[in-house]
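Below you'll find the structure I mean.
The first chain written gets the first letter, and so on, giving A, B and C; residue counts start at 1 in each chain.
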Amino acid sequence: MTSKRAPGTRAWISIVVLLAIAVGAGPWASIARAADPIKIGLGMALTGGLAANGKPALMAMQMWAEDVNKKGGLLGRQVQLIYYDDQTKPATVPAIYSKLLDVDKVDIVMSGYGTNMIAPAMPIVIDRKLLFLGLFGLANNEKFQYPNYFQILPAGQNPAVEVSLPFWELAVKQTPKPQTVAIVGADAEYPHNALAGAREVIKKYGLKIVYDATYPPNTTDLTSVARAIKALDPDIVFVASYPPDSALMVQAAHEVGLKPKLFGGGMVGLQFTALLTKLGPKMNGIVNYDYWVPEPTLKFPGIEDFLKRYQARAEKEGVDPLGHYLPPWAYAYCQVLEHAINGTKSLDQQKLADYIRKNEHDTIVGKVKFGKNGEWETSRVLMVQYQGIETSDLEQFKKPGKRPIVAPDKYRSGTLIYPYSKVK
Amino acid sequence: MFSLDLFLNALAAGVLLGGFYAAVSLGIAVSFGLLDIANLAHPVFVMFGAYLVYTMNSRFGMDPILAGVLFTPLFFVLGALLYQLYYASFERKGAESLRGLVFFFGILFIVEVGLLLQFGVDYRLVEARYIGESLHLGPVGLPFRLLIPCVAGVSLTALLYLFLSRTFYGRAIQGVAQDAFALRLMGANPFKVKRLAFALASATASVAGALLIMIGPVEPAMNREYIGRAFAVTVLGGMGSIGGTLVAALMLGVAESLTATFYGPAWGVAVSFGVLLLALAVRPSGLFGR
Amino acid sequence: MSQRAFLAVAALVVVAGFLVSRVLTNQYYYFAAYVILQYVVLATAWNILGGYTGYVNFGTPAFFALGAYTSVVLIKMMNAPLGLQLVGGAAVAGLLGLGIGYLTLRLRGVFFSIATLALAVVLQTLFVNWEYTGGARGLSLIRPATAPLFGHYVQFLFEVMLILALFAVGVAAWIEHSWIGRGLAAIRDNEEAAECMGVPTLRLKLVATTVSGALMGLAGAPFPYFVTFVEPGSVFDLNYAVNSLAMPMIGGSTTWVGPIIGAVLLGTAQQVATVTISSALNLLIVGVILVAFVILAPEGIVGLIQRLARRREGDVRLAHGKAT
């Protein structure tokens, strides 16, 4: 058996060597100096399914860091972003955040983009009692009720319901009042949450659900679904979808002649330039959620300047050229942090969190005030209706008028064309 | 909520979908079914084709199908080169095909990164006049967005079928699958025959890519969704039977579409893979197995 | 290596792991090491079926996910301790393994591979539609903050995964050197011939699929407490299928050492790339490693080392021959 023993022993040695390399590979970055910059760490989806949003979000955050540094930094120190690609895989998140905290020794951690990437980071920040600012997570804190978590998506204190609430409020105000509803969405985190919230509201308003189904993400064809819905002829079709299936749904609805009185609601992706310009006129009449559009009721100080600079830069970096959807919010959640650091003159996690909780914050997306579970105190989910889109020209979306806000009334900037079939 | 109208439409939608699946699976039916090379990277080449088509379409307004056909020579050459590398590294040494799997996974990642770096992470779509319109045949509506890919997919299948059964090289390819030694006795070089077959298989990726981006938006990592489906179609079709591949693709398309319409779209994909499992359990060598 | 030596080394590693976890408090290393060790288990498990027996399993995510979801159910139902989760995850995934073992009765080669792939897709759809375990939305779990003796729970998870890895390797090594391993190798080389020679092929294959499946389930069982968030997309990730196949191939698939080397090498490369390169190039490196290794070291690293060693012996003999 000697011949067998030999490779075994040699293999053990190589394993030990490899393990040693593995352990040794980390601490390059950990040599710290005095008067260091303030380090802000995060994981962000730069590849994988959420990268189309993650990349522009990161760019907005880098713009914020540059802006702050130009003004002389925070507490007289420069700001440095340390970020890693989470590959849109929740499994990478624990290692990334512990690397940021234990090896890179960052002063502040912020979240990456999306509910699924925030969830695995929660136990780590809770364990260490850190301040944690979230970027577009849906009800991440419901289970933990962690006091130092704050989230920038303006979906109010009951996010699953609030993301579609204005849609239903708008619907029941119409005459003739719609009666029947079809709800459909992708089998993924956000759509399922939105559908669950929608069911609650539908029940409250006494509407009748005639179709309620989900389909797997990355479904190739949705014409069968659109046709099944059309056969039931519902007054409202509410869709909660992700970018690829949003596009498929819009196309399928056109092709099968699906014409409910109200169509849309929770379709992610129609806000992005790539789909806006390619779907163009096919989107006319759809009522869909949004958080910011260039309408006169949402002219907050700083937003136009930010977008102008963003758009100039986006072209070079090959990310979403309009940047209306996520980038302003990625910039804003950094501004909340900036506000808190300047307000407390400290980097103490608890002090910062207390300050953020108690105060209202001026950002490029308006005044932000956090409430229960660190969600926005009052929701600011908007419903816009795509109107008068004729070409696939990009410039038209930079001006008001193509996506007027039709709900809630506080931000209304246009009138709803109802029913959907009246839209040409 | 059953109605004849709905049933006919679901059937039609399934057939359309199946025609498209056939186009994506053809390359694998040849490379894997006939040559025994598990080319897991084929779907990523389909993706590459889709992005080239996108570029031609958005820059010059070129018709997607035309662009897809235009790029077939490029993919033919790429396929020939890839086979050359594969041959030199594995087949010549007689290494088992298992290593080939790892090799093609590696190629898949490399091409995917290339696409990410070159074309970015945004979803891409193409425009054409007929996209959004439908052809109406009585109660059945056929969206051109799906009809054209189906027609193109079926035509591509027919062309390949004719080539393989009617031409000398085609028969040589079928021969190399069965008995490379006999082929050599006939005076043909198995390496060259296989290279030709692999290159042809790769060339279909360009057209399949055009069809893919016509049907819906694409992003680089999407190829992974089609690996399972394309291999399932190939295996169900009986490994290398071109006609079988088409029938299997249509079967999966119809199964998915009928489930989506009458039972719930959530189970569509599971049903089609369930059909595959059942079919394999009953008839292990596929529907039209040799 | 003899059994006793293996046990001694294993005990030493476990104790060392424990001692290290008492001293080194930097949590990053535990998170990173956990992932690498998890791949050691997966690659070793895959290799029992793929390397020894020659049946290529594309369905690693199915077994891994089944282990993870069994834990989720146990946590939700009765707040089960980790030990019970491990047993449960291994048992359920092992049963699935037994099931695919019967598949091998009819399906060989690629047909078997495609069937395992189909199985993963069907299973994923089931979990997407099962609301109890979170459905498509996923489920956040609260893991205990501390574990007795270990202080931090993360250190404890690391130690658990270390023990699981040693256990998996031990099982693989034992199988390899026992009559089972010889029988499996006979099946790999020529199943019909083995059958004719009286090797109980079906029973052996059932052992291989069950053990392999159970070990993959074991790797998945602690996952819910590791990420604290379980969602179908992340446990049914194609990466588990790719890695569990690529790692033994890179390391060498005919011995139990191969998967360890492959998993440590590729797993470490992935972990390091995540926090250094951190962009699309990350994936490029994995791709290049896969292609380069299967081309340059077709028998895996173990094979390469053996070949080099043999050549050196040959050179020595040659030199001796000239001298005399």
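Following the convention adopted for this analysis, a contact is a pair of C-beta atoms (placed from the backbone, for glycine too) under 8 Å apart; a residue touches a chain by one contact, two chains touch by 3 or more.
From a predicted model like this one, the values you see are computed outputs, not experimental measurements.
Please classify the inter-chain touch graph. Allowed labels: line, ring, star, complete, other.
Complete.
More contacting C-beta pairs: A-C or B-C?
Between B-C and A-C, the larger count of C-beta pairs in contact belongs to A-C.
So the centre of each chain is just the mean of its C-alpha atoms; given that, what is the distance between subunit A and subunit C in Å?
Their C-alpha centroids are separated by 35 Å.
If you average the CA atoms of subunit B and of subunit C, how far apart do the two points sit, in angstrom?
32
Touching at least two other chains at once: which residues of subunit B meet that condition?
116, 266, 269
In subunit C, what residues contact two or more other chains?
Expected reply: 125, 128-129, 280, 283.
Which residues of subunit A are in contact with two or more other chains?
Where subunit A meets two or more other chains at a single residue, that happens at 47, 187, 214, 216.
Quick check: in the complex, which residue numbers of subunit A touch subunit C?
Touching subunit C from subunit A are residues 4-12, 14-15, 18-19, 21-23, 25-26, 46-47, 83-85, 87, 89-96, 98-99, 101-103, 116, 119-120, 122-123, 127, 140, 143-144, 186-189, 191-193, 214, 216-217.
State the interface residues of subunit C toward subunit B in the complex, per the touch definition above.
50, 56, 103, 106-108, 110-111, 114-115, 117-119, 121-122, 125-126, 128-129, 238, 242, 245-246, 249-250, 253, 280-281, 283-284, 286-295, 298
Could you list, by residue number, the parts of subunit A that touch subunit B in their complex?
The contact residues of subunit A facing subunit B are 47-49, 51-52, 55, 187, 213-216, 218-225, 227-228, 231-232, 243-244, 247-248, 251-252, 254-257, 269, 272-275, 278-279, 282, 318-320, 392.
With touch defined as at the start, can you tell me which subunit B residues reach subunit A in the complex?
1, 3, 5-6, 9-10, 13-14, 16-17, 20, 116, 120-127, 131-134, 141, 143, 145-146, 215-219, 221-222, 225, 257, 260-262, 264-266, 268-269
Quick one: in the complex, what on subunit C touches subunit A?
Touching subunit A: residues 1-2, 9, 26-33, 35-36, 125, 128-129, 135-138, 140, 142-143, 145, 154, 177, 223, 226-229, 231, 233-234, 237, 239, 255, 257, 260-261, 264-265, 268, 271-272, 274-275, 278-280, 282-283, 301-302, 305-306, 309 of subunit C.
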